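This report refers to the structure that appears directly beneath it.
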Amino acid sequence: MGELLWLIPALPFAGALLLVIFGNRIARGLVSTIGVGSVGISAAITLVLGIEYLSSRPAFIRQEVWQWFDVAGFSPSIAFHLDALSMVFIFVITFVGFLIHIYSTEYMAEDKDYARFFACMNLFVGSMLMLVMADNLLLLYLGWEGVGLCSYLLIGFWYKEPANGYAARKAFIITRVGDTAMAIGLFMLFQQFGTLHIQSISTEAVQTWTIGSETAVIIAFLLLGGAVGKSGQLPLQTWLPDAMAGPTPVSALIHAATMVTAGVYLIARMHVVFELAPAAMTAVAVIGAVTLLVAGFAALTQYDIKRVLAYSTISQVGYMFLALGVGAWSAGVFHFMIHGFFKALLFLCAGAIILALHHEQDMRNMGGLSKKLPIVFYTFLIGAASLAAFPLVSAGFYSKDQILWLQLAGENGNIWLYLAGLLGAFITSIYTFRMVFLTFYGKEKTHVGHKPTWAITVPLIILGILSFAGGFIELPHNFGHVVLFSDFLTPILPAVSVVPDFNQYEWMLQLLAAVVSLVGIFIAYLFYYKKPELIESIHRSELAMAIHRFWHSGWGFDQLYDVLFVRPYVYLSKVNKNDFIDGFYTFLANVTQGLHRLFSTTQTGVMRNYVMGVVVGAIMILTISLLL
Amino acid sequence: MTTIPMEYGLLLAGMLFMLGLISVLIRRNIIFMLISVEIMLNAAGLAFIVAGSHWAQPDGQIMFIFILTMAAAEVSVGLALILQIYHQLKTLNSDAANFMKG
Amino acid sequence: MTLTDFQHLMPLLILTVAVLVSMLVIAVGRNHKIMYVITAVSFLAAFASLFDLRDVGRYTIEPLLVIDGFGVFYIGMILLTALLISMLSYAYFEQREERKEEYYILLLLATIGACVLVISKHFASLFLGLEILTVSLYALIAYLRTRERSDEAGIKYLILAAFSSAFLLFGMALVYASTGTMEFAGIAAAMSGFTELPLLMLTGFGLMIVGIGFKLSVVPFHMWAPDVYEGAPAPVTAFIATVSKGGVLGVLIRFFMEVDGFRYPTLVLIFTIVAIASMLAGNLLALLQRNVKRILAYSSIAHLGYLLVAFLAGNQMGVEAVTFYLVAYFITTVGAFGVVAMLSDKERDAEQLEDYRALLWRRPWTAAVFTAMLLSLAGIPLTAGFVGKFYILAAGVNTQLWLLVVMLALNSVVGLFYYIRLVAIMFQQPEADTEVQPRGKLRPSIYLASVGTLTILALLLVYIGVYPSGLLQVIQGLIVSTVP
Amino acid sequence: MILVWLIVILMAGGVLAWISGKVNRALPRWVALGSVMAVFGMTLYLWLSNPIPVLGSAWLIQFSQPWVPQWGIRFSLALDGLSLLMLLLTFFLGLLAVLISWREIHTKVAFFHFNLLWVLAGITGVFLTMDLFLFYFFWEIMLIPMYFLIGIWGHENRRYAAYKFFLFTQASGLLMLLAILGLYFIHGNQTGVYTFSYFELLNTTLAPEAARLLMFGFLVAFLVKLPVVPFHSWLPDAHSEAPTAGSVILAGLLLKTGAYGLLRFVLPLFPTATVEFAPWAMLLGVIGIIYGAILAFSQTDLKRLVAYTSVSHMGFVILGVFSFNEWALQGVVMQMITHGLSTGALFIIAGFLYERLHTRDIRLMGGFWSTAPKMGVIALIFVMASLGLPGLGNFIAEFLTLVGSWQANNWLTVFATIGLVMATIYSLRIMQKIFFEANRMEQALPDLNAREMLIAIPMVAMILWLGLYPQPILDTARPSIQEQLQAYTKPAQEQVPVARVDVPAKKTIYIKRTGTKNPEETKPSSNLQITKSSN
């Protein structure tokens, strides 16, 4: 079955290629068939492969399609590598991707650039698969940049609006900053090992470096740079909220479920290097912690439903980083998967709402939709519960709980990281249910237009089930102790080493997490449903409003970067538009012309002056010949 | 018989040459310029004669005859040209003949 | 004088006879065509007679002349150039009202002067040759006497040339006074006797340089050049630029080689300064000039500067380089002025830049030839000028005259600008509304002479540019045989 | 002999095209197309019929005939992998240049094609010659027709641009000529053999000082042509004012002659001097990358913008060349090819736009995606290529270069990599301003027609091929690259030249009349007549 591996990314690529070439000439139905079908078949192959993988449990399956190039021993291949880690990612990418594609057939039905949309989406799925299946870092980098391109194209999908284009470019450029760091990391890795093959690096790194060796730390930090950029973590998170300019399925697929978690994948994939660089690990955890808080607070103040979700994504990816940072690899990946389900679900629901409300995205203009859009409401509720880690019944509870617990129980854990996570969980449940109450309760403020049909509802329902049930494959020790997921990953990702004798406190921590979540929901209920006047009283306070504005703007990062980087760069460029070096040559030319004019004045045309010239010359020559 | 040192003769020739040169510089009238040039040429001729007598060779005098001949030819062409110039410019001021410059 | 002397002077004698015959013919009756034919034939005959002298070795006619490979080559060069110029002159003068016939006598005389120059080995012959050349030129320059500019140029040249001749003569007298001989070899012998050159002699050399420098129109004695170039009829300008300068340069090389002037740092310094100044001033003066003849004048000043670089290289390679460059320069200059002459009309010469605007679209072949000439002046490959410049640079580098060589390179760039500007003007798109005024076409036979000349020149230019071996062989063969 | 034919066919084709213009206005186009196709076919045949990895020697074909024996100049051509690749690029772009001029050039069609073919011939010569004199010869030859292409068929400011181009390249070329001559005489004085042959001159031992000076002579020419900041200022003008075909040839080929020169001459001729100079050269490269990128961002003239991107991209070339390892050099070769394609394509797109809109000002453009999606997709691909998106050729080039330069110098590589971010900034601006946002133009923009697609599709295919399977190119270039690097792979102590004075002492004795004659001086020999000092 391993031979089919290449088809998984190849099919979406082929779909994209077909759509680029013929997209404008074929019927919409065919476009959908190609677009959805290619991903669907990929998903099916994934399923088949997955089943086989589960049954035979090989360490990995590798398939080399061709040798990319070979220069003096630098010989990356176009080769795919399938192991448990990539399996999880492929699964999420193809299945969630497939669902979102289906969803898109309805969501984008009215758009005249239907084919372009599916072409880009297919291209994205292909690139993303390339990223997670690559057996060497260069191919991974190909996928990495490829998804960046698709992200750019899809954020700027509605290109007529300059703001969208701006958001798209911002996304591309900021992630490119991270990519640059990553590229330098690759140069270093190559210098160290003479290869970019991931497995070889993993085995050789352990032999070459001691823990904490300087090179390892630098490389890990550089890779982290790439991960941070792609995953919208501090300090490169600013592009993600703006990326919501793209169509909602795009936000669901790229900016929630898959692409933004590429950083998580990279760190998990290169975990050997990171383990050798404790400083980098700490940095991962700290970045995760800070990001989840910063983004959480920012999410509290947003009105645009998609921006809330965007900040929530940043925050949730922060949780994943937090997990990775303490070495809880499988917890991080588990949260990725669950997050992929529920965040895609939430985005899709948001999309359905936006579609229904004639592209209205401001939550202040929504309300009372629970009756009008019941399926959307219930699925959204499941997603929100999962996001807010509603105890026991939501998948998010289990995945997040595991992370929080490992902050204390893990060897690298730290009480501050735990507290940050806990506070984050609290905020998460507030803003999540703020969203729920603002959107679905209260008075109806905008007329509901489009009612979703099956293409929207079916994906919603499936994702809803997954968001609900997905958590049960990995249950805590004291609570069923199901470890299907971490077992699955163990051959690839080492289990986190737990501080002994800590298990007894586990139930207390779970309880704490549950309480925090519930209290958060209650506060949201209080402020946004029961007593909206409380909000207004807050709004009257100057300080509170200042904080609100600060948070609303995403903690002022945009403004900061604007002042620090964008403006100086633009200024530098504009001020030198005419290239001052050119001025030097112009000066040279002018001097020459000036000399010409100067010399010309000697040619007076008067004979006596010429005689004078000869005499002067004679005097000079005589002087030289007599005196020297 | 005491001979005059060659240097004296050359000095005389040099002075004559300088006189001619200076008058070429300060004269505007083309005819006078021509005359001045002739003076310079004759100065050179004188120098040749002096040098020739110093070395007791006839060569210096021969050169002088050449110079005379050449000067005569030159003057004849020169006068013809000056006539033509006067015909056109109605003046013999050499400064007036400055159509070409730059 | 023996018979062999006469044999060796055959080219000069032929020309002299041609002068006499021409006078007689004019006395009998004026006919432009006959005069032209006589001139051309005599140039050809004189040139043909040179073939006898190919392997002359070194034949001296005491005390004045020496006929050797160097002299033969230079005479040949002068004769061919004069021939080409006379061919161009025919068409040029055919459309003038003036009496045309005496022109050829003067041309022949001037050529004789130049030929005498390059074979002279004595101050007397140098002087005679120079004056024959110069006095003929006075008349040639002012030949179109009804033109104000022609007269102005004539009188300027006359006064200045006589003035500089006086310097030259005085210098010669001083050298003579200090050495007691006027033969180059004698001077050289006397000089090698001195440990340090006497003041008198240095002064003499200084004054001679003034005279020679004037004829070569190098800075600071260059000021006459643009005015005279502009005022003189185009073929005469070509003659001044080529034959006159070539002759003087020939004698300069001979003299310098003979006395080995390169041993004296003072002289080398003077020539270095002169060379650099000529390159700089020539190119800068030409930079934005709008008169084509003046541009060529200034460019000739610069080119003399280039030539001096090779001259200063001093060894045999330098002489070869100078000679080679002269050939290229002659071809190019005659070609360029030939185009000017060809485009000139009754009233005036085609000398304004405007006359050349969009020439490519009006007269593509003329424009192409002119472009080739200009590119050759600029030293662009495929033309003789390139090989010449290469040779000069090689000679310079070989003797490690880095300053001069780098100056040459930089100046070439300045030079490029105005050559290319001229080319650009020719290649400009014609503006639709400006009507091209039809020029009076000459009789085809006359026209053909010019066209033929230009074609020959262009072909030679490219031939030497692509396959310089042939010319090199000739030069090396002839000059090697001479140089002691 | 086939090498001579390549040049001859182009030159003859040029003349024929000019003449055929008298017969029929369309004929020159066909003649030009035919001759370029012919040489392209021949080169392709050469490539396919010579499986390079199998061959031991780097040289495939050699041709040599005496030209000016007195000076030791030979008409010597040779082909190795590097030349072969450059030729393929030359003729491929040449073919496109003919095709894009099909509709664009209306005046003096015959003369245009004459110039086009002669430029190509000159470039071919540059890539083939193994005689330094001949190299300089072709180096200059290719400039004249290029000058005409810019000066006659260019845009508004064409004369200024043409002058500038010409003066810059000539000035630098003359300095190179001086260096060539210096090398020639040093070699001649050492060995007694005066020759311009590349292979012979390779064996010249140079004193460090002399090597440094001569290297700078060569460098100046190549750096100006490449161009490296601060010698780049001719390029934006020349590129933006030239007609599309001219821009394509300038960006795609003429710049490459500079890179080729660095690889072919500077590296093997001056192994020690280049090592000394390497950090500075790399610094220049990095400055070029960043400076070009910053300037590209603020340009409003599309062609000017693309021109500055060339400055930026060529920075990678010099960065790579002076890293002295195979990765970097392979990267450089790839960069030469891919940049030729991608920038050429961008210029072609600019040409398409100019044909339709009669402006190059991107402030007036916008929203063309809706009416010209095909053009949009193609532009997108090449914009992405120019920002180094993996999967397209430029990525391989830049990545290899950077991998190589990282081994040589870490910090400079970091800054060069930052240049990639800047590349993103300006590249995306192209897409944004032209194809996205609202359409500011009144007129609708027709999409690409069949002829234009015929031009664009092969380029897209090539750039993808180069990005996904560049191995054939790399294999072809490998032997020659290894040859160029030979001097650098030797053990370190061998690289230090034997200390000996190689600069010829100033000759003090000239042709003299006095004294006894030196038999050497009088006898003419077939070589240059250089009178040697006898004392």
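As written, the chain order gives the labels A, B, C and D, with residue 1 at the start of each chain.
The rule is simple: a contact is a pair of C-beta atoms (placed from the backbone, for glycine too) under 8 Å apart; a residue touches a chain by one contact, two chains touch by 3 or more.
On a predicted model such as this, the values are computed, not experimentally measured, just so you know.
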Pair joined by the larger number of C-beta contacts - C-D, A-B: C-D
Between chain C and chain D, centroid-to-centroid distance (C-alpha), Å: 40
Rounded Å distance, chain A centre to chain B centre (Cα mean): 96
Separation of mean Cα positions, chain C and chain B [Å, integer]: 26
Chain centre separation (chain A, chain C; CA means) in Å: 78
Per-residue overlap in chain C, given as positions that touch at least 2 other chains: 155-156, 159, 163, 167, 226-227, 289
Multi-chain contact residues (two or more partners), chain B: 24, 33, 94, 97-102
Contacts with 2+ other chains: residues of chain D: none
Complete list of chain pairs which touch one another: A-B, A-C, A-D, B-C, C-D
Contacting residues of chain D [partner chain C, same complex]: 67-71, 107, 133, 136-138, 140-141, 143-144, 147-148, 151-152, 159, 162-163, 166-167, 170-171, 174-175, 177-178, 181-182, 184-185, 503-504, 506-507, 510-514, 517, 521-522, 524, 528-531
For the chain C and chain A complex, residues of the former touching the latter: 155-156, 159-160, 163-164, 167, 199, 202-203, 205-207, 209-210, 213-214, 219-221, 223-224, 226-227, 265-267, 269-270, 273, 281, 284-285, 287-289, 414
Chain B to chain A touching residues, read off their complex: 21, 24-25, 28, 33, 94-95, 97-102
Complex contacts: residues of chain C adjacent to chain D: 185, 188, 192, 257-258, 260, 262, 314-317, 319-320, 375, 380-382, 386, 390, 393-394, 397-400, 405-406, 409-410, 412-413, 416-417, 420-421, 424, 427, 429, 467-469, 472-473, 476-477, 480, 483-484
Residues on chain C engaged by chain B in the complex (per definition of touch): 123-124, 127-128, 131, 135, 138-139, 142, 145, 148-149, 151-156, 158-159, 162-163, 165-167, 169-170, 172-174, 176-177, 180, 182, 200, 226-227, 230-231, 289, 291, 294
